[in-house]
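Heads up, the next two complexes both have chain A, just with different partners, chain B and then chain C.
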Partner chain A sequence: MDVPVERFLAWPPFYTLQPNLDTRSQQLYLWTQILLEYSQKNRIYIATSHDFHDIMRNNEVSRSLSEEFKNVLFDYMLKQKNAIREGEAYMIFWKKPEAWGEQVYRWAVDSGRVGSVETVEGLVSGDETTREEFYGMPVNYMMVILRSLEKSRKAELFQVGEGMAVKFF
Partner chain B sequence: MGCLLGGSQNEGQPSRVNKDDKAIAELKITRDKVKTYQRKLETNIEHCKQAVKQCIKKKNKDRALLALRKQKFLDKNLETTRGELLTLEVLINDIENAQIQKNIYDSLKKGNEFLQNINQQLTLDDVEKLMEETFEAVEYQQKVSEALSQQGLKQDDKDLLKELERLDSLEALEVDLPNAPTNKLQQMDIEGPEKEERKVSSKRQQVLLA
Partner chain C sequence: MQARLTESQRPVLIPTEVVLREQANVEVLPNKDKAIGTFTLYVTSHRLIFVDGANGFYVPFHYYHSHKTSGGLLRSSRIELTITNQGTLPQFVVELARMEERPPPVAPHLPGSYLFKFRAEGRDATVEQIEVALRQQAWVKSIMPVHKEKKPKETSGYGVGSIKKNIKEDAKQTDTTLSAGFRDLRSLFDNSRELAELAGKLKQVDESKDPELIEIKNTMASLGFTSGVTKESSGNNFHVQLAREICDYIRPHLEENGGVLPMLDAYCMYNRARGGDLISPNDMKRACDLMEGLRLPIQVKSLPSGVIIMQLGGESVERLISLTVEKVNSKEHLSAKELGEELGINALIAKQCLVEAESRGILCRDQGIQGLHFYLNILPKIST
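On to the complex of A and B.
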């Protein structure tokens, strides 16, 4: 997209679901990019539409997204795998779980954790990951990432008591 | 959430997590819990401090004292927790260290067994026998080689004789040339004129200097 997103956000029709399917698909794509960028900037990992209240409304042009629009938009994001349902909320993935997984695995390799056991809690809030981008993630969000790493056989998750742990390979 | 926490094994492949891993994980989960508890204590202490300040501002001495007492109690609690956390972390570290040492031991043991296994396959008698056989084989090879090369010489001789005959007949056609002189040249004759020349030049120099 050559046109900056701000231009769309100031354009009233952008807030109304477009009837033409091609236009609508383009519109949904743009809205998804806006929400992903917003989530990344504000570190929103798990959200409901309330968390996007500020960006989904523009008082200057007196427009906001309708409930119907929001539902269509979240459905679109689910389909594009940019969001995963989490009860009533959504986990927002501005980076695909696989990409996150590679990042976590790189940390494991660089810090000599391959072959050793870490708790999922420790990964997102421990002293060893404070400088990592994934530091501060919710545990269940990290679980999705580790599951993707498990598919490529680079990690294995297991439960111990109430907690979850992961072993890197 | 259910599907996320579901079976830990990946598509029926055997788990690569062993008993030791689970024991370490358990310790680390306890460590996480202690850390969470520590965070909770820290926020509680912060709240107490704020409460003390506010009570002092409101000149409510009794409440301020109560809050202060609570804060001190929590401080002590936090101190104990810090010690416990350190103990846990040292233990985790020791276990991981011991695991590595065990890995090293296992590798050395395997390597040693492998070396012994190879040595068993290689008895000294066998080696001596093998060397003897090799020596015999080399000797035999040399004999064969000699036999072959002698035959080769005979073959070569025939060719050489033919070549010699041919050269001989060519030689007969050529005119006899006078023999080259065989007497030695006198060295004095060669050096003589040179020495004289040097004498002349030195004389010339003397003249020029005079």
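On to the complex of A and C.
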């Protein structure tokens, strides 16, 4: 569903948690799309609600999301697997870990890395991946992606010294 | 004689008439012959009224000759009533005709006697109230509004002697009035006649343009009935009669409020109208639950929010809800108070309409600093 969301950001009821559950899930769905888009644009991988402060408030209509609303919204995102809890913060997945996984695996195949061992650190900050979309993401965020690849038996994770390494199949 | 009934099938009382008892399940056998049906009997200060659904007739005490009770262990308890004064008309019938500016009716031909069989308990209490009415003899008094004439003071004599005599006369007069007033509490209702007359008179100022009179009239109307349904007067039939009376009373209020009122408001209004002798919420609820079965024009409905409302006819709430959506659509957003003003309805009902439309996903809310406002729900449906 592609809806121009700007319209809703200027619409006062959008900032009130709707008691009707159907209406509420419409509302939470739209808010999730907005946060994901915002995260992608600003490269926000791990966030607390503070990171969304600007988008969760509209001074023109004097509305902002309540703490309760924010909690409900993050719970919704957890349930929809658009977010994963990371301590007090959330990893935000505007792309599902599986989709990221395919992208990483394609890179491995295209660059002839299948069968060799790479450090996770190197994947996100090494010289080989600077052109990739996943370049620059936090290590623990990449770990979630690699674990999903491990689950589909395309990779294996293991400890090397202090850090983790991965072998693609 | 044919009795006039209200829409909810209660007798229309004549001025100054007071209901003393309501008794359900009374079988009536004219001339002790064949039963003509089973009725609810109203013993009033002026007559016995028999009501069965939309049919009603009455026997004025004017024709009363004598009564005796019979029955007992093996037979149903009964009252036998013998009739006299055939060929004449009760005073109130003549006066009522005069007040309504129509010729008096022809004197009815009544059976020589009636036998009343009581299918339920309550004969003795009924007899007791009949005897009260017989003692009071309210029917021999005029129902026409009284115009008090002041007795011209006697001025026979001069000086201190005359003044002393006048004071003595006044004191004597007051004394008689007081002792008459306190002689018997049962005569209290008789003495309340003037008040009832005042209420009746005020009722007639409907066409009057005088805002003050209308105000007084409304106040009086909200102050009390001359004859509210009580447990004592109606016994087992109490809730049925209560349902009918509430219906008669609340209906005009519903019409003024777009057809819908919260039951709590209706309860307060009705109890205020009763003055003293209040009914409990439980009685109200039980009476209202009976309304549908009695085919009364008012329905009781629980909204999903838990608020119980009373509505006229079947579709009042639905109609209000679609009006609500229309209004919100044209005004962009509305609070309950604004909607109430727009539609001329009670603010709580307006809130309920908004919440109901919200629960159907048509509206949604905005809790801002200016309070709770409702908007059309423009959020797109999620396609999954």
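To be clear about the criterion, the second predicted complex is superposed on the first by the 166 of 169 C-alpha atoms of A that agree within 3 Å, B and C clash if a C-alpha of one lies under 4 Å from a C-alpha of the other, contacts with A are read in each partner's own complex, and residues count from 1 in each chain.
In the analysis below, contacts are C-beta pairs under 8 Å (C-beta built on N, C-alpha and C of every residue); 3 or more make two chains touch, one makes a residue touch a chain.
Since the model is a prediction, treat every value here as computed from it, not as a measurement.
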| item | value |
| --- | --- |
| Three-chain arrangement built on chain A, chain B and chain C clash or fit | fit |
| Partner chain in contact with A:Val144 - chain B first, chain C second, else both or neither | first |
| Which superposed partner A:Gln103 touches (first chain B, second chain C, both, neither) | neither |
| Partner chain(s) touched by A:Tyr29 [first = chain B, second = chain C, both, neither] | second |
| If touched residues of chain A are counted for chain B and for chain C, the larger one | B |
| Partner chain in contact with A:Gln18 - chain B first, chain C second, else both or neither | second |
| First, second, both or neither for A:Gln40, with chain B first and chain C second | neither |
| First (chain B), second (chain C), both or neither touched by A:Ala165 | first |
| First, second, both or neither for A:Phe8, with chain B first and chain C second | second |
| Superposition-derived minimum Cα distance between chain C and chain B (Å) | 31 |
| Complex interface listing, chain A residues touching chain C | 1, 3, 8, 11-13, 15-16, 18-20, 22-23, 25-27, 29-30, 62-63 |
| Partner chain A, residues of chain B touching it in the complex | 1, 4-5, 8-10, 13, 15-17, 21-22, 24-26, 28-29, 31-32, 35, 96 |
| Interface residues, chain C side, partner chain A - complex | 333, 358-359, 361, 364-369, 373, 375, 377-383 |
| Touching residues (chain side chain A, partner chain B) in the complex | 86-87, 116-119, 121-122, 125-126, 140, 143-144, 147, 150-151, 153, 156-165, 167, 169 |
